[in-house]
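Reading through the structure tokens given below for one structure.
Labels run A, B, C and D following the written order; every chain starts at residue 1.
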Amino acid sequence: MHIGIIGLGKMGANMRDRLRERGHEVTGYDRNAQVSDVADVAQLIEALPAPRLVWVMVPAGAVTDAVITELSGVLTAGDLVIDGGNSRFTDDFVHAELLAAKGVHYIDAGVSGGVWGLTNGFGLMVGGSAEQVERAMPVFDALRPEGPREESFVHAGEVGAGHYAKMVHNGIEYALMQSYAEGYELLEKRDDLIKDVPGIFKAWQRGTVVRSWLLELLVKALDEDPELREIEGFVEDSGEGRWTIEEAINNAVPVPTISAAIFARFVSRQDDSPAMKAVAALRSQFGGHAVKKAD
Amino acid sequence: MHIGIIGLGKMGANMRDRLRERGHEVTGYDRNAQVSDVADVAQLIEALPAPRLVWVMVPAGAVTDAVITELSGVLTAGDLVIDGGNSRFTDDFVHAELLAAKGVHYIDAGVSGGVWGLTNGFGLMVGGSAEQVERAMPVFDALRPEGPREESFVHAGEVGAGHYAKMVHNGIEYALMQSYAEGYELLEKRDDLIKDVPGIFKAWQRGTVVRSWLLELLVKALDEDPELREIEGFVEDSGEGRWTIEEAINNAVPVPTISAAIFARFVSRQDDSPAMKAVAALRSQFGGHAVKKAD
Amino acid sequence: MHIGIIGLGKMGANMRDRLRERGHEVTGYDRNAQVSDVADVAQLIEALPAPRLVWVMVPAGAVTDAVITELSGVLTAGDLVIDGGNSRFTDDFVHAELLAAKGVHYIDAGVSGGVWGLTNGFGLMVGGSAEQVERAMPVFDALRPEGPREESFVHAGEVGAGHYAKMVHNGIEYALMQSYAEGYELLEKRDDLIKDVPGIFKAWQRGTVVRSWLLELLVKALDEDPELREIEGFVEDSGEGRWTIEEAINNAVPVPTISAAIFARFVSRQDDSPAMKAVAALRSQFGGHAVKKAD
Amino acid sequence: MHIGIIGLGKMGANMRDRLRERGHEVTGYDRNAQVSDVADVAQLIEALPAPRLVWVMVPAGAVTDAVITELSGVLTAGDLVIDGGNSRFTDDFVHAELLAAKGVHYIDAGVSGGVWGLTNGFGLMVGGSAEQVERAMPVFDALRPEGPREESFVHAGEVGAGHYAKMVHNGIEYALMQSYAEGYELLEKRDDLIKDVPGIFKAWQRGTVVRSWLLELLVKALDEDPELREIEGFVEDSGEGRWTIEEAINNAVPVPTISAAIFARFVSRQDDSPAMKAVAALRSQFGGHAVKKAD
């Protein structure tokens, strides 16, 4: 199959490689000419046989909006656009409608696996019509890991379902990471008793209830830096985690661990906490408790 | 009434003053000779008419244990000890038994009001027998604020009930403070829209649902330092908050806001968070996300 | 001053009464003819002297949108609309712009106090231009409680600031309520030790750190029903609490207590929790733990 | 090696089987004569060659205390007791001292793997002296899964370190389960959009960041009952989760996700929530909001 990819960042470039390794022809376009196969989107469209299949792998939000809008102007009826980026599922409804006006089909594909996807394959959650999903199946099969299709690929529902599932995946991911991290701190704090924190995580890899891929990554990180001395406890967050909370609120779903994981990241990035300044101020007012003066 | 007080720190000294202002005779003992009325506990006991009433107002835990033990050796049958400190309610059972062996009575008194108690009066929650509570009522009436007794005093149950109620009071207090603090940060963060954060808290003092004494204290703090520039977001916690969580766990009571308030204080005291180092390490492992290198 | 009010529900009708009691002339319109002073909005507009002042007090969202849109068609340059409902602050930007196109001014007014506002007065947080806020001051002064203006009224910023402040107020309110509620359960659960739960809350009203208006309301509720036997633990939530979380997420503000309060309400309305079904299922899978079969 | 096991419940019996399958001689004692190899502890001791190795696998707390006390009376210097149950690590200190007085050695072994341990092997975290741990290694090697020893076994420190590590393991386990469960509810709630919830979990098994053994168990559970109709959202909790919170509090470690997971279990077991009754009562007091009357 001949596939176009727009966006050749870390993820897009890995996908191009993996698709080519599995026998697909891929033409990639990126604003960065050094990694791009073609000079512009027009050339990309020209290079692809109709009906075309264009995989979009650019940052969610404004950039994806711009790319989809541009594509809606140049693609023709029967073409198929797959948004493999981390778009919000509500954006999918807009993008699908925009393209549908030109007879262009749309699939949203949530993609998991990070930088390991190139070698391991990517977990895929897609939304769209059964017909279009079937049409793109050779691409999905090349991108996903070896093994039974249903263990790495799901057609989750109509347009939007793929990104919704990916959003929830990332919300869970945040909470899982925070869970291990709290355990790490509980072990690390008792260095009077616990003499081998990395060894404990290593030993959890087989037989235990908590074994997982994230655990293996933590083992790897502790192998490289047993006390995490080289790393600061400063953690960014991205759209999906936030949207997960917002959807939870919209649907009255209690998400105490996912929200705790997000809030911990917010706090990790603060030099000083306005909220805790207020608590310190209050405590000083009623108790005459000493406060730490800011420098 | 002639009352003995052991412990003349901030709280004990204020109580001595308030009791004297209201016509009671008070003999106070403190290890600090500069504030003490007598040289030692022996002199204190001697100064008091039998049956004696001794109010203990020293730090909870080891110090209170030591004082109660000492008192059990010198008091005589019919005397009454009131522990007004922040003891854990489970300690009360031990202390009461120790004294009962000598025929000495025991009341546990939870005291709220902080440094404002001297002028405003102290809120009181007490545990013990009806007879002993009645006997000490003149002391309680002098310590508590003006107004109907039931609005500032409660006989909550047998020994331990007073400190249990005080423990819960402090757990609530932690959560209330955190609630306002989160609101403060939400207002402060939007300085593009909100032009008068202190004015908002001030305006909440009458008519609103969130009006409270803590709110008034926050208004006071913001009057003194409208952007809380002089204060660091570093907050200690004391026994009661922690015991509240422990009792919640023991009794299967969900306490998400009280625990959140405690955890926020723990985080506020960390230079760097081991947990968030672990999250950053994980994120770097799977996503190739850049991490902030520790210095 | 002659004021128009649109919306004579519980809050709007109370405001009409309070304004009239304080000497203002009020013409109210409501779809319910039994409480309305006029037959329709056209009559209301006609009844008011230009430049008019119209206070809108209808449900936030679609209803408020419709009323503002209707007003933008019938009001004339120089008139002033005040939205006293619980609108989302982002809606204020839209409403202000819509009216500004006709030369009509706009103020957003967050109103707190519930059904007690009629007698106690309402706490007010407003957003808009200094000029318009000054113009409407007689109305604000009549609605707010007696006492210094700054203790019940704040001009928080330009349009949107009033409803933003009210949103935060309600977020705090949710967390405060949850804080007391957790304390209530901690006391109630230990009925072996605690013999007078209502008495404890009553005794916290003077002298303690946790005294507040909400505490007084809880005392009132426990006076009426000491074990809360007549009431089910089923709690609705409204827009402001949810928006508070959403804004917290948008602005990277950690709000663990406010979110915990919302989630507790979500859970309170569930017959069975899908999440806890999943946990039970997992537990059964790895531990062979017995599960409770659904009926 | 000839090993004694006390306690032949689900876990102990599985261990006996696994040890025998791997060539060890095992004499097991249980109060239930139907599963026991000997009539009483005396016979067990007699059957074992000195120096003896006795693995204790009985419920934590009082039962374990009783067994250790009994063993301290019948074992002789040089014998070794391994507590493989879910004892609190602080109990280990007491048990080790009790036995040391008789010259009997002690190892605490945290064991993970549930009912799957028989076939998969058990993850092991042990505390004790290097010498005794080395001595018992053939037992550990037979119990743990195939593969490198360090991936399923850790000597975490001196006595207590094994159970501390296991306690933290279980705290993490609780939070991981809750994380997936919140994701499940987010997916299940949007049945308008998401058409294959079990398929999504199934597809996460390869390639994704959230893949884990718990995920596989959830897939298995959803295979058996795709909508979890047969199961009630009622979840017990056991000691380790509670102790994790207690230790977190003792060591000032923030554990928002682990505590959220525990609290969710507490709530899942309540017919009605006293806390939410209090919130409903408050809401009714200030807002005139309708409450749901209890039946």
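Here is the rule we use: contacts are C-beta pairs under 8 Å (C-beta built on N, C-alpha and C of every residue); 3 or more make two chains touch, one makes a residue touch a chain.
Computed from a prediction, not measured in an experiment: that's the story for all the values here.
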Pair exhibiting more inter-chain C-beta contacts, A-C or B-C: B-C
Distance from the mean Cα position of subunit C to that of subunit B, given in whole angstrom: 33
Separation of subunit A from subunit C, taking each centre as the mean of its C-alpha atoms, in whole Å: 37
Contacts with 2+ other chains: residues of subunit A: 114, 178, 180, 182, 185, 189, 209, 214, 252-256, 260, 263-264, 267, 273, 275, 286
Arrangement of touching chains [line / ring / star / complete / other]: complete
Of subunit C, residues touching subunit A in the complex: 209, 237, 242, 245-246, 249-250, 252-256, 259-260, 262-264, 266-267, 269, 273, 275, 286
Touch list for subunit D against partner subunit C, complex: 10, 114-116, 177-178, 180-182, 184-185, 188-189, 214, 217-218, 220-222, 225, 228-236, 256, 264-265, 267-268, 272-289, 291-294
List of subunit D residues in touch with subunit A within their complex: 89, 112-114, 117, 120-125, 144-145, 147, 150-158, 160-161, 164-165, 168-169, 171-173, 175-176, 178-180, 182-183, 185-187, 189-190, 193-196, 199-200, 202-215, 244, 247-248, 251-258, 260-261, 263-264
